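Chain nomenclature is as follows: A, B, C and D, assigned in order of appearance, with residue numbering initiated at 1 for each chain independently.
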Amino acid sequence: MIYRHLGRSGLQVSLFSLGSWVTFHNQVDASGVREMMAMAWDAGVNFFDNAEVYANGESELLMGKALKELAWNRLDYVISSKFFWGLKPVGGKQSRINSQNTLNRKYLMQAIDGSLQRLKLDYLDLIFCHRADPHTPVEETVWAMHNIIEQGKALYWGTSEWSADEIRAAWEIAERHHLHKPVMEQPQYHLFHRQRVEKEYARLYNDIGLGLTTWSPLASGLLTGKYVEGIPDGSRGAMQNMAFLQEELLDQQKNHAVAQLQEIAHSLDCSVAQLALAWVAHNPRVSTVILGASRPEQLQENLAALDVLKKLNPETVDKIEGLTAKFAD
Amino acid sequence: MIYRHLGRSGLQVSLFSLGSWVTFHNQVDASGVREMMAMAWDAGVNFFDNAEVYANGESELLMGKALKELAWNRLDYVISSKFFWGLKPVGGKQSRINSQNTLNRKYLMQAIDGSLQRLKLDYLDLIFCHRADPHTPVEETVWAMHNIIEQGKALYWGTSEWSADEIRAAWEIAERHHLHKPVMEQPQYHLFHRQRVEKEYARLYNDIGLGLTTWSPLASGLLTGKYVEGIPDGSRGAMQNMAFLQEELLDQQKNHAVAQLQEIAHSLDCSVAQLALAWVAHNPRVSTVILGASRPEQLQENLAALDVLKKLNPETVDKIEGLTAKFAD
Amino acid sequence: MIYRHLGRSGLQVSLFSLGSWVTFHNQVDASGVREMMAMAWDAGVNFFDNAEVYANGESELLMGKALKELAWNRLDYVISSKFFWGLKPVGGKQSRINSQNTLNRKYLMQAIDGSLQRLKLDYLDLIFCHRADPHTPVEETVWAMHNIIEQGKALYWGTSEWSADEIRAAWEIAERHHLHKPVMEQPQYHLFHRQRVEKEYARLYNDIGLGLTTWSPLASGLLTGKYVEGIPDGSRGAMQNMAFLQEELLDQQKNHAVAQLQEIAHSLDCSVAQLALAWVAHNPRVSTVILGASRPEQLQENLAALDVLKKLNPETVDKIEGLTAKFAD
Amino acid sequence: MIYRHLGRSGLQVSLFSLGSWVTFHNQVDASGVREMMAMAWDAGVNFFDNAEVYANGESELLMGKALKELAWNRLDYVISSKFFWGLKPVGGKQSRINSQNTLNRKYLMQAIDGSLQRLKLDYLDLIFCHRADPHTPVEETVWAMHNIIEQGKALYWGTSEWSADEIRAAWEIAERHHLHKPVMEQPQYHLFHRQRVEKEYARLYNDIGLGLTTWSPLASGLLTGKYVEGIPDGSRGAMQNMAFLQEELLDQQKNHAVAQLQEIAHSLDCSVAQLALAWVAHNPRVSTVILGASRPEQLQENLAALDVLKKLNPETVDKIEGLTAKFAD
């Protein structure tokens, strides 16, 4: 495994990491979770990504159970959670005005405790503001993140899908008020979604040392090539709660580009998914590429992208980017 | 005339102002310049926009000459210039490594003196960094802007076409180091180009009090309706050095939308250009809408958009935005 | 005993102090540790130096046991530990990517708890960053040191073998962000190793009030004269894990200088070791000289250097420094 | 010519530049100065280095005269001076207590005016504190540098042969008090003198964006190979005021290494001097390599090192560094 520093922090994360989004609870049960986490661990993965909203808390519960059973040394692994949407109330009809779609102090100070309980941990390594909240001043959120860290409940904080301007605002407020600064951002990043990471954030890497824990490296599966012939049964595209992805997944032009990428993959003796993963990992601004997998074999295959990374030369990278350039919004 | 404060500054600018880009020197000569400036002045315009790069210094020379002749009270008008590209060297062969496409201290400290000389003024009201320079630290540029203001050579400074992140970086550096802060930004803004002003800058209005001096309110003429039937002689689209605009100006779908806007304009008893100008002015974030004109009658017509603004109700605005929504990148 | 303030802090430490490096656990067992600590205590020593890495945690365990048995008043003694290398994992095979050779937040926040447990103390008086970590931003480390102090787990923090530039960086970051500043540095300092303390740190004493807890005052034994005739049995030079010292310990020219120092020592009626210790103590920048000893008599002899200090006049100091000047790197 | 940014500033300097030390006035007269400056200019050199102390002011007088005659565009060239030693009094016996070997405010505020007069310029681009002054607080010097820049007499300031700690102290004081920060350092740097640039300053490049204008790339001529057979007539080693260099220049081991470098140079079809210059330029931390030359042909030969730079591959660099490693103090 390769390890990279999380931006300008002293913490190192494995270049490929395991995320629980979509899969844990919905597609993978407790024993599957433990099996995949163990498999990742054996491959050198030290970062496991989670969020309060994933399966409405169930994903954290499953990961907490697995961590208990696996009993690794706490210093050796890195766990995250993220806050913004809040938990869906079970049954009750009361609108949860202050605890959904917000980054206010009231919600955040309580949300961390829920995550710690579900994950059965004394502290989280990384906590993320899962989205930006235009209605809460950045300063209020920065203070809450700072206080959670001061209380020992988390080590580092960051953002997910914030604009460059919002990230810098948070960093500057923390700098000015001498608070813990945001260290990392979790953006979507893959061959069909590059603008934010490569253009919008460009100045942030040097100016504030931003690290990236990127999600959706395979564009929800589009880059596996499995949608070239339509939506297969059992795929993410066939999941009811993922219906919003269908149009994208069946985009003809993109699937055509994927078919062409398959030829490059063939020449490198790998799958197109592995090629797409290696391409993400190849960007030195990326601290870790979060992998999702619904089956152990899938995870195994994806982790093997590490070998493909070693074979990527500038010429191949140019070819890959040439084929996908027009979709790189 | 309506006057608005330039962002959170105490300076007021007329809602419609006169810009010299494209027209001065290339399409309008000295007497035309004086005539149009006088006409604008009589309509209550108090802001006249310029830049070092416009006609490679000639635009400033013409405006300076006109100001001398018009002999208005210096307190009553507001003049700007902008720096980034540098003047094209006349004849010399030495590469101008430190004076073109830059915002470094050496260039800026000298550029302001050139503009003052050409405009025959003791000070400029507004100076802009005409583009962002990724190779000069924002801090160096902020210091130069500050020093120019400290030397009495300008009153306020701002940016043009900077990203939200870069504007905030400049503001924060100025705040931290107790320097004069950027006050305004000059972005392109019209019915076919809204994303930056409405989305990207959204947090900046309240956070730092950003003012806007918007350019190209008519999308280089596309929103006058004159390209609905192709490129007419003598139009901007027919100018050799504006060839890069042709594809855009002849875009079928956009011209179709313009044709539909014409119907709304008709119902308000105005031209489509006046409707488009009133729509820009209708956004309260806009401090001033910079008008360009190659003939006095054109300017007269555009200034009359002020009357259209009074007739714009929310329903009409919705209709206008509905027709152009899909192009509002 | 003489007591000196630890740099510009209000804490006083005995001019000679007792360190556990090399000896505790490896050469001295539990009863020996208690005996020597008691002996030092009786001579007025109030500072006992330790580190997580010494004998991989065993040195802290032994000192903790002795402190429990000796049952001194907690206000009367000063205990340190140091963090950087991390504990060697016992058996496990997982690479400890975030807990070895690092000063990141994750490691430091956990390491302090381990030291407190092994030493059976509620708080440490002094904690040191045992080496500089070029891969963790100084700011992250300063924050962790600050937070450990805020949590009441330590009173003062400092560095060991950091460059002047790194020490100043830490101090300035703490100053800017209103955090607890580094108070002391633990450098090697003896007649054959003077450059860092006397030249490199020169400006730090007045600028930031740096205190020094110096180590290896006898150059690993070279300055005792015991290697003038080769490596004697049972000496540090004969220890397997100290093999890296042999070349240095047998250096002919240095041993020749030691022989000449013996003559000066003779004239002052002391051993050359005592002379060398007195010379270190004679530098007013030194807050305390950490002594190591494998036997009680050795410690006794070294503590007696205090009497030699009183006999050192400028002329003698000049002579001493003249004999060793060319080795004073 | 290749141009590099001067550290993290927006100013670009040519990778090879022309220095006047030793040569101007002593070895080169007015017409020679003009000829060599013109030759450098034609090769794309835009930076010309000078100092008050060089030939006791005569070097600045000669460069000023040449600049007047060459009449280049002021925006296109970069001129430096440096202050510390002060001018030798002509005739008088009064000890100049406040104007020699100092960086106090009194001396600096006056020294800049003298340099501007001798160089016949309105402003200098770069001013250096020629050495560190342990007796003047860094803060006093930083304020003087800041004020000189605020007065418009210089654009950027830096240091020469300061320790990393002193450079950081200056930077931090400027940051804290919101003053112009030091941008560059002028250190000695060549194959026999690497420690400071490569080790001591290591953290400064990223932390404060330090740029380097390096001097003595040929080790006072040692790396030209001309001393392999002793001191030739007319060489720097034969100059009376350079007598202090003789021991170094005749060092047998170093001259042996130079002889071996000549073989590598031979294989690259260049002189050993060109090889040594290309090696310095090859370090990306170096903003510009200052060349000295007593004859036009020498300068021509040295500037041609630019072509050698293109041929330097990692393997050759390793070989070069292997041969000289033991002298790289």
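Everything below uses one rule, namely that contacts are C-beta pairs under 8 Å (C-beta built on N, C-alpha and C of every residue); 3 or more make two chains touch, one makes a residue touch a chain.
Bear in mind the structure is a predicted one, so any value in this text is a computation, not a measurement.
S.K.: Interface overlap for chain B and chain D, more than half of numbers shared or less than half: same or different?
M.R.: Different; most numbers are used by only one of chain B and chain D.
S.K.: For chain A superposed on chain C via Cα atoms, how large is the rotation, as a multiple of 5°?
M.R.: The rotation relating chain A to chain C comes to 95 degrees.
S.K.: Taking each chain's centre as the mean of its CA atoms, which one is farthest from the centre of chain C?
M.R.: Following the centroid criterion, the farthest chain would be B.
S.K.: CA centre of chain B versus CA centre of chain D: separation in Å?
M.R.: Comparing mean C-alpha positions, chain D is 45 Å from chain B.
S.K.: How many angstrom between the C-alpha centroids of chain C and chain B?
M.R.: Each chain's C-alpha centroid was found; their separation is 66 Å.
S.K.: Return the distance between the CA-based centres of chain C and chain D, expressed in whole Å.
M.R.: Centres of chain C and chain D (C-alpha means) sit 41 Å apart.
S.K.: Counting only residues that touch at least two other chains, what does the list for chain B look like?
M.R.: 176
S.K.: Which chains are in touch, pair by pair?
M.R.: The complete list of chain pairs in contact reads A-B, A-C, B-D, C-D.
S.K.: In the complex formed with chain A, which residues of chain C make contact?
M.R.: My answer: residues 89, 92, 94-99, 102-107, 109-110, 133, 135-137, 140-141, 143, 147, 150-151, 176-179.
S.K.: Tell me, which parts of chain C touch chain D in their complex?
M.R.: 134, 163-169, 172, 175-176, 200, 202-204, 207
S.K.: If we count contacts the way the header does, which residues on chain A are in touch with chain C in the complex?
M.R.: 3, 5, 8-12, 41, 44, 46, 72-76, 78, 125, 150, 152, 155-156, 178, 180, 209
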